[in-house]
Amino acid sequence: MEVILFYLTAIVAIMSAIFVTQCRNPVNSALNLITVFLCLAVYYVMLESPFMAAIQIMVYAGAIVVLIVFVIMLLNLGLAVKERYTHGMAGSGVLAAIVLFVANYFIRYGEATGTGGSVTSEVVASYGHTELIGRAMFVDFLLPFEIASILLLVAIVGAVIISKREV
Amino acid sequence: MITVNHYLLLSAILFAIGTFGVLTRKNAIVIFMCIEVMLNSVNLTFIALSRHVGNMDGQIFVFFVMTVAAAEAAVGLALMIAFFRNKESIDTDDFNMLKW
Amino acid sequence: MLDIYLPILVVMGIAFAFAIGSVILSRLIGVKKPSAVKLAPYECGMPLIGTAQERFSVKFYIIAMLFILFDIEAVFLYPWAVMFKRLGIFGFVEMGVFIIILLVGFIYVWKKGALEWE
């Protein structure tokens, strides 16, 4: 059951990722991107991380893709479909194949070591995933959390300055 | 039985597809979307290994990757809008003002 | 393990079945007598102005961009809310600093007039 779900979702994810790279119209690419995100959310649920699945959908599918679609409509790219919309297919294909081969080599002949952490399936089931995230985030990762707020502040200021016509 | 290697292989495939898209497309927004696919494949690796090792650190890292992705989306798309105002195009072939 | 997600699967199945079913049914049952007037794009009974793919104002982008960044802030609030009782005053101060830093950005945007629709 789980194996079938894994392979079905993998097929959908890979097909829609290919469509993201190959669709002529950017709006179609954006819709396929949503499918990729939903497939990854399914994987996060299978990996017993339901909170990550929820924020995957909220942040990526709900916010970032909306922003991308807004920009596509803002720049009105639907009509401006060019004759040639790709370049360097052969060289990039070879390069992507090399990336895939190297990663595949490491995965096949390497081994994922380092087991025996404290967070097992039973712990996740008894405490709840959100609470485990909260404990790690607000106790162990306190400084990165505060730095994230400064990153967001800089992003707000920068994006407003760049996108507003008269500052 | 699905092992951690299945997830790693899937994320490697998604990463390679994203690389291919970034290198081949001319439209800057589509390149941006391909970068999002690559970021997500790395997120999948983080969560799979985090569950394999039994540690929450990888998932916190995914949290921060999402934060950075949102900031990147806001600023990167603002840059594209600013570029479009100057050049009336977001084709990467027209990104040539620093060339001489 | 995945059994508890079965209701979500059922809801998704019903949604897909409804969407696909209504498209197919309307194609099967509906009466089709197309004419030039009927096939024209419809815009609230008015004769239409321009194309459908009109260029949007940059105002929409600024609002969407602010939505994303404050959405991230809301996402950070969820695990904090779950842990609130256990973290106590320490967690409150921690989140207070986070929100105050983002509030500075909000005030900046407000003063800059990016929230006004003009």
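We just call them A, B and C in the order they show up, numbering each chain from 1.
Just so we're on the same page, a contact is a pair of C-beta atoms (placed from the backbone, for glycine too) under 8 Å apart; a residue touches a chain by one contact, two chains touch by 3 or more.
It should be emphasised that the depicted structure is a prediction, and the values quoted were computed from it without experimental measurement.
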{"item": "Chain separated most widely from subunit B, comparing mean CA positions", "value": "C"}
{"item": "Chain pair, B-C or A-C, that carries the greater number of C-beta contacts", "value": "A-C"}
{"item": "Geometric centre distance via CA averages, subunit B-subunit A, whole Å", "value": "7"}
{"item": "Centroid distance [mean C-alpha coordinates] between subunit C and subunit B, Å", "value": "21"}
{"item": "For subunit A paired with subunit C, centre-to-centre distance based on mean C-alpha positions, whole Å", "value": "18"}
{"item": "Sequence positions of subunit A contacting 2 or more other chains", "value": "2, 46, 48, 55, 59, 63-64, 67, 71, 74-75, 133, 135, 137, 148, 152, 155-156, 159, 163, 165"}
{"item": "Where subunit C touches two or more other chains, by residue", "value": "58, 61, 65, 68-69, 71-72, 75"}
{"item": "Contacts with two or more other chains, residues of subunit B listed in rising order", "value": "66-67, 70-71, 73-74, 77-78, 81"}
{"item": "Subunit C contact footprint on subunit B (complex, rising order)", "value": "66-67, 70-71, 73-74, 77-78, 81"}
{"item": "In the complex, subunit B residues that touch subunit A", "value": "1-2, 4-10, 12-21, 23-27, 29-30, 32-34, 36-37, 40, 43-44, 47-57, 59-60, 62-64, 66-75, 77-82, 84-85, 89-91"}
{"item": "Subunit C partner contacts - residues on subunit A that touch it in the complex", "value": "1-2, 5, 45-46, 48, 51, 55, 58-59, 62-64, 66-67, 70-71, 73-76, 78-79, 121, 128, 130-131, 133-135, 137-139, 142, 145-146, 148-150, 152-153, 155-157, 159-160, 163-165, 167"}
{"item": "Residues of subunit A touching subunit B in the complex", "value": "2-3, 6, 10, 13-14, 17-18, 20-23, 26, 29-30, 33, 36-37, 40, 43-44, 46-49, 52, 55-56, 59-60, 63-64, 67-68, 71-72, 74-75, 77, 80, 82, 84-89, 91-93, 95-97, 99-100, 103-104, 107-108, 112, 114-120, 132-133, 135-137, 140-141, 144, 148, 151-152, 154-156, 158-159, 162-163, 165"}
{"item": "Partner subunit B, residues of subunit C touching it in the complex", "value": "58, 61, 65, 68-69, 71-72, 75"}
